[in-house]
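There are structures below to look over.
Consider the two complexes below, in which subunit A is the common component and subunit B and subunit C are the respective partners.
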Partner chain A sequence: MTSVNLPSDSAGNTVTAPETQTDAVAAPSKKSQHEVLYFALRSKKFIFAVAVLGFLVLLAIFGPIIDSNDPLAQTLGVNTPPSTDPGYWFGTTTFGEDVFAQFVNGLRATFFVGLLGGGIASLIGMSIGFIAGYKGGWVDELLNMVTNVFLVIPTLALLLVISSYLQRSWPEARGVFFESIFVGVTAWPWAARAIRAQTFSLRSRDFIDLAKLSGRRGLKIIVFEIAPNMSSYLMLTFILLFGNAILIAASLDFIGLGPTSGMSLGLMMFNAVSWAALLLGTWWWFVPPGLGIMATVGALYVMNVGLDEIFNPKLREL
Partner chain B sequence: MRRYFGRKLLTYAITFFIAATIDWLIPRLMPGDPIAGMMQRTGGGSTLSPEASAAMVQYYTNLFGLNRPMWEQYLGFWTSLFHGDLGLSIFGHGRAVTDTIMAAVPYTLGLLIPAILLSYWLGNSFGAVAARRKWLDNSILPIGYLLTATPYMWLGLMLAYIVGFTFRWFPLSGGYGFNLEPALTWLFISDLIAHWFMPFFSLFLVMLGGWAIGMRNMIIYELESDYSRYLEALGAPQRLVRKYAFRNAMLPQITGLALQLGVIVAGALVTEIVFSYPGIGQLVFNAIKSEDYFLLQGIFLFIIIGVLAANFIVDIVYVIVDPRTRVAMRGGTA
Partner chain C sequence: MLSLNRISKNYKIGTFGGKDFTAVRDVSFELAEGEVVSLIGESGSGKTTVGKMILKLIDISSGSIVLDGVDVSTVKGKDVKGYYRQVQGVFQDPFSSYNPIFKADRVFSLIRVEYFPEMARSEWDDKVEAAVRAVTLDPGQVLNKYPHQLSGGQLQRLLVARALLLDLKVLVADEIISMLDASTRIDVLNLLADLKSRGMGILFITHDLSLGNYISEKTVILRHGVIVEMGATEKVFGNPTHPYTRMLISSVPQLHKKWAQIESELAAPIAGRGGCLFHEAYPLAGRTADSKDDPTLAKIEDNHFVGCFELESEKTARVA
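Here is the complex of A and B:
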């Protein structure tokens, strides 16, 4: 009966899964790497996304150095609109905090969550996907069941209960670092499912049989034979998980379970709503953080499409 | 047919069992003493005499059954769960958690169901029309990606600011006006709709992008496939080819809906918080503020049950839409 679900495995999820089909999985070689670079430099989408992300990363790295204000330092200049004065580029909050300083520090946290949370999710998703797809049999059945269970449980609801308990019993855990770990540990299921489907289709190819005949062990076959042959797919998976982790973390922060000491873009929006920025009309408090998240995640999605076209000749615009 | 649904139901039962167990385990796995936390919050630790304090600790320990063996606590949890007893809510001033949640559920469903259905229908139509049409594709695709990349709460905030604050077309917050009592009058109903519109619309907009992109990609994939090429070679009109492509592209989109449910529910929660809409999201927000753990755990179970039920509905729809699964179920070959 699994056939009912198969068409979705690689292509069904709206933006959650790369659209690459199995035929896009091609053996990388020196020549094709050169080719990838050739098409990458000609893909408008890819270059646009890299430019946006590059700009945001630079802002996250150097922003806190340019504007050295403490993002949580309260001043008397309350609710100042954005101006060209240094330290007031994005205005101030109801407590006189520097919004620009909060924004660049929050951007740092956003990239951190994406990198660590997305990284952990990719790692778990790949491990489960590879093992389930390669081993097959009851291991596959079991891992599939686990994946399906965690696929249905809404990530945010689970994180909600965990984080709310943690905030009392272990307040130190309420930082960006632990948040990233929690997000990573819960965001992997669809990746596991997609990678399992890909691995499954590679498993019966001749070169895998050859590797088995030559006496290679399962783990080595996965790492050296299967993974390199779907490296583009794995990369797309990581990019999407990166973006998903950012969005999940932002929701968590916005609900009021964000970092207590640091700054994040979701926390900025939480503070803005909590302190009635909407009723005061202080738009500069909540416009930058959302715009920052939208630009980051949007650029990641566009990059995903661009890379997909680069790796998959079928999708290329000629 | 029975085998198919039996298998599905089994998966959902296991999921619920695991989710409920996690729900039960989390407070017991957390570092720190939950009773000490309760005492601290109620101020019992500092203001009461040692004897009174000890009595309160005793009271709480009995209340939560923490002095009983673990397996007994676990069984007790399931017994009360089947009786619909999820404990009392601190935020709801001692009201039963089940009642507190039930009062909020209609608002959330009233947002979610129309937003999902309308965005699904319109998004899929847009996506299907846009695929492989240069001009439309170049305009719908970027908008779609922008919308899916938007955090739900931010779009809500922007709508609230522009439409609600600047133009004052729609009320900014609440489920209905503070000056009204719930009643079946025209005044109340129109007020209800006015308050409902903005959270609904912002949910709808974010979802719209995702469906449009998904459908567009699937249609392109289907138009590349052999049967489309064959139809084209036969000289079938474009409209007919697209119609077949749409019917095939629809299937993964249905599975996509099931997979997206968790994200959509999360989106509804944060959107409600933006508009102070009296649904589950607002309840979560208040529960966290007042550290109402019973309420949070109850909400978690409610969300799980809702998502599982929705998944099952999607399964049924899939069988209705895809004739091949029905044929396969009757033992034939498609």
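Here is the complex of A and C:
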């Protein structure tokens, strides 16, 4: 029976395929209400990523409470390797600062910059990308022009000018909050272009026409028809912008234009490098922030792959 | 019921839209209740554009579309929704008509959200089930499935069922069975015949002459965005007058003529005079169309109209 059916499979595929799948689908369809949750809990990638991110977030929230040392206080022994003594969990810097306190406080600032900066950039990038790609015509041309202008502005130079200006006229603005906003409003152009291109290819599909025939228009079509189709793409955009915001903020900290007080993972790494931690062999100064950034961005990436499998029914293992 | 009055579609092409491209020019025909009109043409003839203009998915450059005495070509914004209550479409590719990440029956819930937000859940479910049964599908087998789990024929019939949920008067069926295999085709064709008997007007867009002949009362043949011949199906197929129609019909069963030969025959009258594409040699008056009031087609018998071409006798007279 099987041997007879196999050769004709390519020809009769359209007819036979749905029948063979019917039984396999019957079981999960009962759980249609909690389908997303059902597949989410089955995805190892998703669970792993959530665990890593959850751990880091908890560390950022409760770390400073567990270790109440001031991250910038130079009160401990210098260049001490990690040990179980309170204040020395991650060792100390060349200046006798508590690396663990720096790490958990830096994690806070880093998550904040990533979320706010990456969030703002995603919001602007997605809005412009969706509208340009969906509307087309002169709206597209105009928004494309704006995007290109922002794309060619040297971000760092602009931030340099703004930050040094603010330093004199409005010193309070030199905090993590404003840093995030500056990063956010300059980091979106590539996201806008990428989303515009995707939207462009989706808007001419028949199901968009069908949604229009169902009485849907404009924004509803973007939000309910186009965006869900590229949800993993949008997630990836946010993740990349999140990581990007962290790195830009780190570079700003590096040239002395970051927050005047406080700590971030980028600043930790910069300090470690500029005070020759590499040469001195004080690895505990730069490994935690490096791992912290890598684990955050890496976990977000793995989470994205997991989410893709959860939301895209074609990738689900049935 | 639905009538198109000289609708045209021009596109601006080239850098800064410097050039005009006419996809559809002065197309007029009527669709009555319980009637199937087949719109036949080759790829690029503008038949899909006509369908999309009727569905208001593409703006009309000129002309008007009238539904039951109301000019719907100027309807905008929220009123379009009311129009869609009466006029719906089904497209060629069943797999692209469904948003792949949602279940296939989401096309029904969209209708509910937009048109029947007040209706009770159970009442709505009954309505959907009735519509699905009306297109000879088993609700238990097709509902709550993803598009890739259903066959093309099932998906197309679900789209027809979706249209049935509304108070439909006109269905634009754009190549709806071109992508189906032969056994499913006949099911969908019979379904259309059933809708017709319920008084629905169907615009059946196809490139397949035999399908058009099988199902329709009226045939419109489109070439390069212009109607070349139109009329009662038996007249167009029984007494094809325009050379293009003849070529189409003769090329269905056997190809005893080479394409190049046919192409040159078709090009001759147009190249000969220049200017008007559709009204070159008006068989009755022999003049070209100057004003918008001029008819675009010549009536050669009752319920049978033909576009520009030169009759063989005229051609020999001109050459001689």
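Here is the rule we use: the second predicted complex is superposed on the first by the 203 of 318 C-alpha atoms of A that agree within 3 Å, B and C clash if a C-alpha of one lies under 4 Å from a C-alpha of the other, contacts with A are read in each partner's own complex, and residues count from 1 in each chain.
By definition in this document, a residue touches a chain if its C-beta (ideal position, glycine included) is under 8 Å from a C-beta of that chain, and two chains touch if they have at least 3 such contacts.
Keep in mind that this is a model prediction, so the values were computed, not measured.
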item	value
When both partners are placed on the shared chain, which of subunit B and subunit C touches more of subunit A	B
Partner chain(s) touched by A:281 [first = subunit B, second = subunit C, both, neither]	first
Which of subunit B and subunit C A:205 touches, first, second, both or neither	second
Contacts of A:176 with subunit B and subunit C, given as first, second, both or neither	neither
Partner chain in contact with A:310 - subunit B first, subunit C second, else both or neither	neither
Subunit B versus subunit C as contact partner of A:214, first or second or both or neither	second
Where subunit A meets both subunit C and subunit B, residue numbers	14-15, 21, 314
In the complex, subunit B residues that touch subunit A	3-4, 7, 11-12, 14-15, 18-19, 22-23, 26-27, 30-34, 37, 145-146, 148-155, 157-158, 160-161, 164-165, 172, 210-211, 213-214, 217-218, 220-221, 224, 251-253, 255-256, 259-263, 265-267, 269-270, 273-274, 281, 284-285, 287-289, 291, 293, 296-297, 299-300, 303-304, 307-308, 311, 318, 322, 325, 328
Subunit B-facing residues of subunit A, complex	1, 3-5, 7-8, 11-16, 19, 21, 145, 148-149, 151-158, 160-162, 164-166, 168-170, 190, 243, 247-248, 250-251, 254-257, 266, 269, 272-273, 278-279, 281, 283, 286-287, 289-291, 293-298, 300-302, 305, 314-315
Partner subunit C, residues of subunit A touching it in the complex	14-15, 17-18, 21-22, 25, 29, 32, 205-207, 209-216, 225, 228-229, 231, 311-314
Interfacial residue positions of subunit C with respect to subunit A in the complex	52, 55, 57, 80-81, 84, 88-89, 91-93, 96-102, 107, 110-111, 114-115, 141, 144-146, 148-152, 154, 159, 181, 183
